[in-house]
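Both complexes below contain chain A, partnered by chain B and then by chain C.
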Partner chain A sequence: MTMDIHIRGVTKTFGASPALHGVDLDIQSGELIGLLGPSGSGKTTLLRILAGLETPTGGDIRFGEQDMAGQSVQERRVGFVFQSYALFRHMSVAQNIGYGLRVRPRATRPSASEISRRVEELLGLVQLKGFESRFPGQLSGGQRQRVALARALAVEPRVLLLDEPFGALDAQVRKDLRRWLREIHDRTGHTTVFVTHDQDEALEMSDRVAVLNRGALEQVATPDEIYDNPATPFIYGFIGDANRIDVSLRNGQVGLGDTVLARAPASAEGKAELFFRPEHAALDEAPGATRGTLVALRRTGAKRRGEIKLDGAANTIEIDLPATTTLTLGDRVGVRLDRFSVFSEGRRVSALALATRAA
Partner chain B sequence: MADIATRAPTQSRDRDATAESPAIRAAMIGAAVAILSLFLFLPLATVFIEAFGKGIDAYLATLSDSNTLSAIRLTLLVAAICVPVNTVCGAAAAWAIARFDFVGKSLLTTLIDLPFSVSPVIAGLVYVLLFGARGLFGPFLQAHDIEIIFAVPGIVLATTFVTFPFVARELIPLMQQQGSYDEQAALTLGASPFRMFWTVTLPNIKWGLLYGVLLCNARAMGEFGAVAVVSGHIRGFTNTLPLHVDALYNDYDMTGAFAVASILALLALLTLGVKTLLEWRFAGELALRRRH
Partner chain C sequence: MNAPATFVRPSPLPGFGPALGATLLWLGLLVLIPLAALVWRASGLGLSGILAIASQPRVAAALRLSFGLSLLAAALNVILGGIVAWVLTRYEFPGRRLLDAAVDLPFALPTAVAGIALTAVYARNGWIGGFFDRFGVKIAFTPLGIFIALVFIGLPFMVRSVEPVLAEIDPEIEEASATLGASRLTTIFRVVLPPLTTAFVTGFALSLARAVGEYGSVVFISGNIPFVSEIAPLLIFVRLAEYDTAGATAVATIMLALSFAMLLLINLAQSWARRRTGNG
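After this line comes the complex of A and B, so read on.
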């Protein structure tokens, strides 16, 4: 039995400092959603509020139709996986996994044989058969994390909440576990919310990503949408690489020096910021393209990164170039932006999406 | 690290950089053993040699004396009350300090240490000033015919005060270091707070708790200063074992004093023995916990 979650206007203040202000988020049943944000953005606080480990200062949480206000941690039936695993070190793997079933009141507690059957089944799911009598101290980090997940799944939770599930693991183990967790999710179908500060993790695993910054949601969208069409300057800076140039809005046009880059609503006037990703720009010698000078060239994996000083821009920008480029430093080039966003006072006033180019 | 040290010995011989030469090692071990023998083993041996100085009969006669038996009973009774009280209160105080933030927390932490920083005699005196005949609550207690000073309740109070820090001191750093994630995990899995305490909290702190209880017990049985002030030294009634040793010594009954002292020494050795046994019995589990 899995649940949709509705978060309405949730706020949380610790002493005088606000950790969350007015978060609204709807999570569909069976969805895998990543809460992504830098440290101190309030993502873990939000997760702990969902679990009932923290009480919100204001706002509502509903699981399905049920209001969670006044529902204790135990009553919420959530599976919570801690970053530090929080395995019970004096219990074996099997005892850890069965804990949530053993502590049930007698009336609803499964029989001992039923519990061990369920533990056996979960050990299979997390690929730890044969480890049942080991203690947490005898397991690797990745194995501990899998035990923690099995323990959370044992209680048949209505939602699964994971706090930085792979935060303490090696890069390679992390990658394997990401794929594996996604598979487990697809097989068991639990509504899952996980917290991460790792953008790759969020983009790779989630159905949707919710980006938090300073206690507020910046954008909630699919990974493609988040990466290709960031809704705020913060997301451009936080996820992936981005270039920023100062532009001016005049007469319904976005201008850089004398070059007109795009159209904008006529009401917008004054200074603005234009953001684009290095891979969303290309060299273009057509007349009318923005001109600039190549000032640096670096090798980055399969491609080269060219640093270009656009005429009339205060700072340099970076664009992706093929590894076979014959350009040398000081060459004059024309640059075409295939996809970008223009923000004025934090609001998006103009954008160009890739779809218009592909046509 | 060890690999590097053996592959590239910077010393003239194959030896760890931190190890001393055999001569220095022998001298240091020798000095440690000599000091331990002089200050610990020798006095302990003296207790037993003196106790049996006039033969086993004199020893047994002292032990079977009714005043001695009453002192043993009183000492055990005091420990039997103090230790459980301090275990529960100490654990509760440690829980409060390690788990919650509240106004006056640092004051409470300081207060817990107070019995260690105050001379036990002062501790005893405080109770006399509070509950004595001319003390703050003296008239009230007399009117209701309640005896505290120069009676068993006073001894229990003074001993409880002096031994309070042992359990709390042992648990606070342990619980702070462990954090509360295990407990939160138990709650999310549906455990009631009571169930969580017995199945998660207690197993996590049991070693610290046990050490605290053993130390508390040793001190409760051996406390002299605070008890001496409040007891009134009524033989057969308010003399604990340490006070009885003192009384016999003042009577120039050396054999008797040492015979009773040997019981105290045996209780101390028993405590040490239990501690060692537990450490040995659960050595594997202890090692695992450290690796975790």
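After this line comes the complex of A and C, so read on.
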């Protein structure tokens, strides 16, 4: 019943401004995928195109083998959950959930008793038994969103699409619902695409995360891959904390001042940017480590953040230090980078991962 | 549960006494005392006297015409006003604000001006009246003309009642309905219109009330032919001009009673609708 989705070269232009340019994405059957991006990145547009609520300017969408071009919203059989819930305020919870079944043409409409059986079942799934005769106005935000999900699931959708489903909820409710939605997904196995601008939400819930920026995909990968090996400078900046320093590429080496940080293809020459996360660096007194001066120290939860001015770097960097550190401001330290990426003109030029430091 | 029974529930807002006093004073001076005087004058006739006047053929015809056409006009305004409100809230197009302002014209226009304008256009030698005249349809100086005038003055009441409620309805509920497989028509009848019921009833009531009492814009286009196109408010005027104060009072009292009964009914319908839509 549930479907794989193939997106090929999808573009969308609103007036003169392009919202999506040439998005390719394959979503496997039963996968939970998060579309992550800042506002205006085109993520909601892509989701609405999948639902048939927007028409793409170009490109193809296929559900399984079936081309979606020319298929109306009604024909696509998608479950769509809106950020604003979009519940029918004049209908009770049970009527809302059963709506998609009641509006079917007579020939395919289940009997009244079958509909109420199905509604009952879904109320159980979304843990709202006993709420069937309430109206949406009498529910909390989290409960409303659960009704909206049950309503979307009632029509046995081929694909479940969620647009910032928890965007309007409190932080605590949002956390609970994330976990709960993941459970529901694992139980029902729908191919699910959800849009979010919240990186924690995307990383925590998704099988894979698709990061969108300015209407184009930056990277599609597992949360681990996205966090540990960002493919672009944008993702370093957008997801998690990151340090950026200007480096130079010379003779197949990545250099900061006189220190050689890593190897690079010999063909790469000139200026480049090096990115690393605060937790992917450590203090190291070994000779050859990059030297710097500790200029600030802050407490962040379980750890401390040390701000270090590396010799030869224009700006300071931040690294994680143990809370028990005895360093004081002005101390000279050596810094070892365990994981980093070097980008030249937006392209990754240095293979970086663990333990490929230059000796 | 044994709190002392007080007339007014304590409120942090000061000034309840003077505010209620002023409210009652104005309401009394402007509404209750004049109406009471009317009823008092009419009571001199006795119920049988009033009924006798009401059953006079000319009076009965005028009352039937006034209330019948007002109901019809308000009913047509439900459809027209609904469409206008829909267009104004749901579409963005050049001239929308201008159109929005134009809706209020029947509110703002002196009714006599509206009456003369309508008569000019719908009379036999007018633009629209001339066109229909070719098919043998007379508009001005017939009940049809009165009907058009009543629709004209009632329209803004309907639009302004429905518009704010419609604007508040999230267009996403229509999209939600579509993703659940509902056709456009099903969406309109099951999702868009039901929450608007109370707004439509309010608009209907206001439009009806205005139409029943309308005088200025009707007298020009109606032709005022007794038994054919003479409305009840005009008949009151005619009776007064004939120094038949008792007759005028009787017609006025009947109109008052009928209007009151209709508004009461509409209010009941409204609270029923509100309960049904769960907005209570």
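Going forward, the second predicted complex is superposed on the first by the 353 of 359 C-alpha atoms of A that agree within 3 Å, B and C clash if a C-alpha of one lies under 4 Å from a C-alpha of the other, contacts with A are read in each partner's own complex, and residues count from 1 in each chain.
Simple rule for what comes next: contacts are C-beta pairs under 8 Å (C-beta built on N, C-alpha and C of every residue); 3 or more make two chains touch, one makes a residue touch a chain.
Please read these numbers as outputs of a predicted model, since none were measured by experiment.
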item	value
Chain A as common anchor, with chain B and chain C clashing or fitting	clash
Partner chain in contact with A:Ala289 - chain B first, chain C second, else both or neither	neither
Contacts of A:Arg104 with chain B and chain C, given as first, second, both or neither	both
First (chain B), second (chain C), both or neither touched by A:Val173	neither
First, second, both or neither for A:Val260, with chain B first and chain C second	neither
Partner chain(s) touched by A:Ser92 [first = chain B, second = chain C, both, neither]	second
Shared chain A surface residues [contacts with chain B and with chain C]	51, 53, 73-74, 77-80, 82, 84, 86-90, 99-100, 103-104, 135, 137, 148, 151-152, 154-155
Chain B - residues contacting chain A, complex	179, 181-182, 184-192, 195, 199-200, 203-204, 285, 288-289, 291-292
Complex contacts: residues of chain C adjacent to chain A	170, 172-173, 175-183, 186, 190-191, 194-195, 276-279
Chain A - residues contacting chain C, complex	51, 53, 73-74, 76-80, 82, 84, 86-92, 99-100, 103-104, 135, 137, 148, 151-152, 154-155
Residues of chain A defined as touching chain B within the complex	51-53, 73-74, 77-80, 82, 84, 86-90, 99-100, 103-104, 135-138, 148, 151-152, 154-155
